[in-house]
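Several structures are given next for inspection.
There are two complexes below, and they share chain A, which is joined by chain B in the first and by chain C in the second.
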Partner chain A sequence: MINTLFSGDRPQSRILAAILILIGLALAFAPFLFPGTKPLDTAARICIFIVLVASYDLLLGYTGIVSFAHTMFFGIGAYGVAIALSVMGPGFSAIGVGVVAGTLVSAVLALAIGLFSLRVKAIFFAMVTLAVASAFAVLVSQMSGFTGGEDGLTYRIPRELTPAFRLADFRLFDVRLDGRLLAYYLVFFCALALFLAMLRIVNSPFGTTLKAVRDNAFRAEAIGYRVIWYRTTATVLSAAMASLAGALLAIWIRYTGPATTLSMEIMIDILLMVVIGGMGTMYGAVIGATLFILAQTYLQNLMGAAEQATEALPLVSVLLAPERWLLWLGVLFILSVYFFPDGVVGRLRRRG
Partner chain B sequence: MQAGADGHDCLRYSTQLPEIRAVTREPPVLETENLTIRFGGHVAVDNVSCAFERGTLTAIVGPNGAGKTTYFNLVSGQLRASAGRVRLNGEDITRKGVAERCDRGIGRAFQLTNLFANLSVRENVRLVVQSRANRGFDIFSRASAHVELIERAEHVLAEVRLIDKRDMPVSALPHGDQRKLEVALMIALSPQVLMFDEPTAGMSVDEVPVILDLIRDLKKDRDRTILLVEHKMDVIRTLADRIIVLHNGALVADGEPGEVMCSPIVQEAYLGKAPEAASTEVVHG
Partner chain C sequence: MSETAIRPKLVGPTPLERVRRAAPLLLAPVMALAGLAAIGDPSVWLTLTVAGLAMGLMIFIMASGLTVVFGLMDVINFGHGAFVSVGAFVGFTVLAWLAGWTQSPAVILNLAAVFLAILASMAITGALGLAFERVIVKPVYGHHLKQILVTMGGLIVAQQLIHVVWGPDAIHVARPQSLQGSFIFGEAAIEKYRVFAVGIGLVLFLAMRHVLRATRLGLLVRAGVENGEMVEALGYRIRRLFLLVFMAGSALAGLGGVMWGLYQETITAHMGSEIMVLVFVVVIIGGLGSIEGCFIGALLVGLLANYMAFLAPKIALVSTIALMVGVLMWRPQGLYPVVKAK
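== the complex of A and B ==
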């Protein structure tokens, strides 16, 4: 049963298995374990980014394709839901229309980019995705009547997913059973299903073929695989998954704008999460996203405390000021790449 | 019959071959017609017309840089011909891609080992079996659930004596084993035409017989057409039904092993250049 669910993809390391179970349990019971708005928000973001990072790993780690358009597909999914909710009003049918439309647009766009540019050199594909993603970001900010421009869109979601909705009058473990809780579990279970689907894809015959294409496209072709079709299909699947992650984000934060979905900063964050977790491992996405989002959210608090504790030491306290958190994130990244070149997962697996 | 100038034996044989075939044999499985490729000014394969019949093993010899590998690349599609045609079972495949030629039954083992280095030995072979079974786009089943594909892969691994190393990553395999796996990948395809490009090069003496036995078994299966580039003359002598000689990209001799090997053209073009390769290596029988 468990083996089928996880497609027989064993963690291959006790420590890794323990960490994954810990993260899984923490996310599953987050509303009860970490009460409060901010922790729940962090948990939901971790769920969404696990899907987003895993879908990028499908492309980068498993197929060996470098793309800079991943946030574009993430954005298309989010804007699909955002626009549908703005135009049609809050309702589950609007969400359905938005999800389907966004995923379709992403898939078609990915197909076009793939067929147009995957035939040639890898660097060309990377450049094309960069150009298309930049053009798309400009387009979104220009078409402000439709997309809200730089301000983005704020909209209402179905009442059943808001704090105003009461599921029951009593409290469970001191937690109110409201729409927000429902929204979290919607995000959690969708993310879980999408992650397991991707785990199945990489462990399928198709997934093995992707690895073959990554390792040696020349030989893959020589044993009968049309490499271009495999690369294109991987691009389309990965784009569709990123879109679905975007749709979850749009539902969860009830706002969609360039900064939360399309920015190059997020693209770089995704890259870092894949590399920190371990490319081509899927479980790396879980570790990478969790570590990174936690650091992003709590490093500033931690540093604020550290600054106060070191007030007496002039230079140290300046270095530890919360504004410097990006610097420290950079240091953490360099250290992690230096000590774990195959990511946390690769490192743990080698230890056995 | 008048034996003309030295070496004409081979040429005479070559020109007579089509007539013999027309009377007694079925049409060739593989045929190249005026096949030519130029790299800039350099003609690497020069107007090669040659036909290969079902159930035969043809050795292709020639000095380094003669164009043997390039000829293979033109047949299996890695290179596109500048002129001429390649036909498989009578059908023109000159414009077809590599994967399509593979589907139609052209198998290729490479001179320079060309594997999936980060995957295990078994996965390498399973990929081939899976391609053969047309399961590459199977997205939602578990690869490990396709027991019949895995069994077929393991069967091939047993044939090349790599079964004990099936779980090793290819990058950790010694060179000789990588050469065996290279051959295993082609055999797993079970193609109609098998092209071996120096399959035993770089193998230790005790590993060579495994490959030679394999080729011998494939030959017994009279459905296959085998092309073998090989430098070791005693290997050729025991396996080949026919030898063709390439020199500077051109086909200079074509005939039965005994005939071709004695021909002065071969002596000059090939054996003369590398006498040690012809006489040493590998014990007879």
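== the complex of A and C ==
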């Protein structure tokens, strides 16, 4: 049963398995374990980013393609739902239309970019996607009539998913059974399903071929695999997954704007999460996203305390300021590319 | 039998091939004429064309280092934008120190201040390039994926360090007295600074061309682009050559940063990574590794961006992407592809 669920790709390390179970349980019971708005929001973000980062890992870790347009697909998914909800009004049919439309647009765009630029070389693809993604971000902020411009879109979601909706009158473990809880579990189970689907993809014959293409494209081509086809399919799949993650985000935060979905900062966050968690291991996405978002939410307070404590030392105090946390993550990122390219997960697996 | 011996025959390019090879050279004038046709008003067109040339040449300054480094060593530096930002901030600091010079009406003092700022930022970004190559790029030669990731990490760290040194806010940079205002030609107003930028850009392009075509160093660089292993086999230390080119490219990015900062009159730590989008487009259009292609690509992008900003401001950046797509449809490797085998 468990073997089928995880597609035969077990964590292969006791510590890793323990951590994953801990994260899984914490996310599954987050509303009951950590009451309050902020912890619930953090948990939902972790779920969404696990999907987003795993879909990026499909591209970077399994296919060896660097794309800087991943936030573009994330944004298209989010805007699909956002625009559908603002035009058609709150309703599940609007969400359905938005999800389908966003995913299709992402897939077609990914196909176009892939066919257009994957033939040449990895670096080329990275540069083209960087250019296209920033042009897209500018375009979205310019087309204010359609996308709300820089301000983004605020919209209403179906009543069943808002705090105003009561599921039952009693409280379960002192938690109100309202629409917000329902929305969280929608996000959680969708994320879980998408993650398991991706785990299935990378452990299928298709996924194995992707790894072959990554390790030696020339040889894979010589054996008879159409490398370009595999690369393009991986790009399209990962784009579709990213836009589904975007749709989840749009439903959860009830707001979609360039800063929350399309910005280069988020792209860099995704890169950091994949590399620190471990490239080419789906579980790396879970570890990376959880660590990063917890750090983003809570580490800054810690650094603030450290800044206060070192106030006497001028330079150290500046370097420890909460706003400088990206500096340390950047250093960690470089070090992890050099010294443990398979990230936390690879590290734990090697220890057995 | 000897009568029928096969004689090697040297075939020169046919006239058609020559036209094809020279075709990209015509693109920039064609673009300018198309702009004139679309805009209609000659004085507006003149203003926009000078602005486009200035922008194009500044982008060329930043892109040239990147493309030569790639051609020579197959390394693409996604952190190149960091040098642009650092250059701009160092230039700003020097100009602030020399406030007495920049605010005096004497042209000589103004220009001296700008040149000192440029020199200082080139020195610092060149040194930074040395450190960047040694610490960040060197361990990951020949591994594209890691190169992209690591140089991206370098960019993050460099941007954060700029925040540490100069603070997180955008800074206003005042142009020196004699570079403010415009020349008036009939109805066309042309900003003085743009003329200055065009001048510096052209001088640099000619100098670079001279170094690459007429000096021993340039010969080695071109030979290294063509076939690095052979240059090494002939006894030259290509690593040292590469380090030199990397530093020069970084210093040029710093120079571009000062120029761009004075052009925009506002500098932020992110300005480098923002301009890198255009730099990448230019490098791709020109063909990875080609200086001439990079020059033409930069002019095209600069002109198009300025014309479109006037004609349809909302799609200005998208139009440069469309230009890139168009060029790649025509020539999938860029205008002048250099790196074939690697």
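We take it that the second predicted complex is superposed on the first by the 314 of 352 C-alpha atoms of A that agree within 3 Å, B and C clash if a C-alpha of one lies under 4 Å from a C-alpha of the other, contacts with A are read in each partner's own complex, and residues count from 1 in each chain.
Basically, a contact is a pair of C-beta atoms (placed from the backbone, for glycine too) under 8 Å apart; a residue touches a chain by one contact, two chains touch by 3 or more.
Because the structure is a prediction, the values reported are computed rather than measured.
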| item | value |
| --- | --- |
| First, second, both or neither for A:Ala164, with chain B first and chain C second | neither |
| Touching partner for A:Val138 - first (chain B), second (chain C), both, neither | second |
| First, second, both or neither for A:Ser7, with chain B first and chain C second | first |
| Touched partner set for A:Gly64, first chain B, second chain C, both or neither | second |
| Contacts of A:Ala193 with chain B and chain C, given as first, second, both or neither | neither |
| Per-residue contact with chain A, leading partner among chain C and chain B | C |
| Contacts of A:Phe206 with chain B and chain C, given as first, second, both or neither | first |
| First (chain B), second (chain C), both or neither touched by A:Leu22 | neither |
| Interface residues of chain A shared between complexes with chain B and chain C | none |
| Complex interface listing, chain C residues touching chain A | 70, 76, 78, 136, 139-140, 144-150, 152-154, 156-157, 160-161, 163-164, 168, 273-274, 276-277, 280-281, 283-284, 288, 314-315, 317-318, 320-321, 324-325, 328, 332-333 |
| Contacting residues of chain B [partner chain A, same complex] | 76, 78, 97-99, 102-103, 108, 110, 114-119, 123, 126-128, 130-132, 135-144, 146, 149, 185, 189 |
| For the chain A and chain C complex, residues of the former touching the latter | 60, 64, 66, 116-117, 119-124, 126-128, 130-132, 134-135, 138-139, 142-143, 264, 268, 271, 275, 318-319, 323-324, 326-327, 329-331, 333-334, 337-338, 341 |
| Chain A residues within the chain B interface of the complex | 4, 7-8, 200-201, 203-209, 211-212, 215-216, 218-227, 230, 233, 237 |
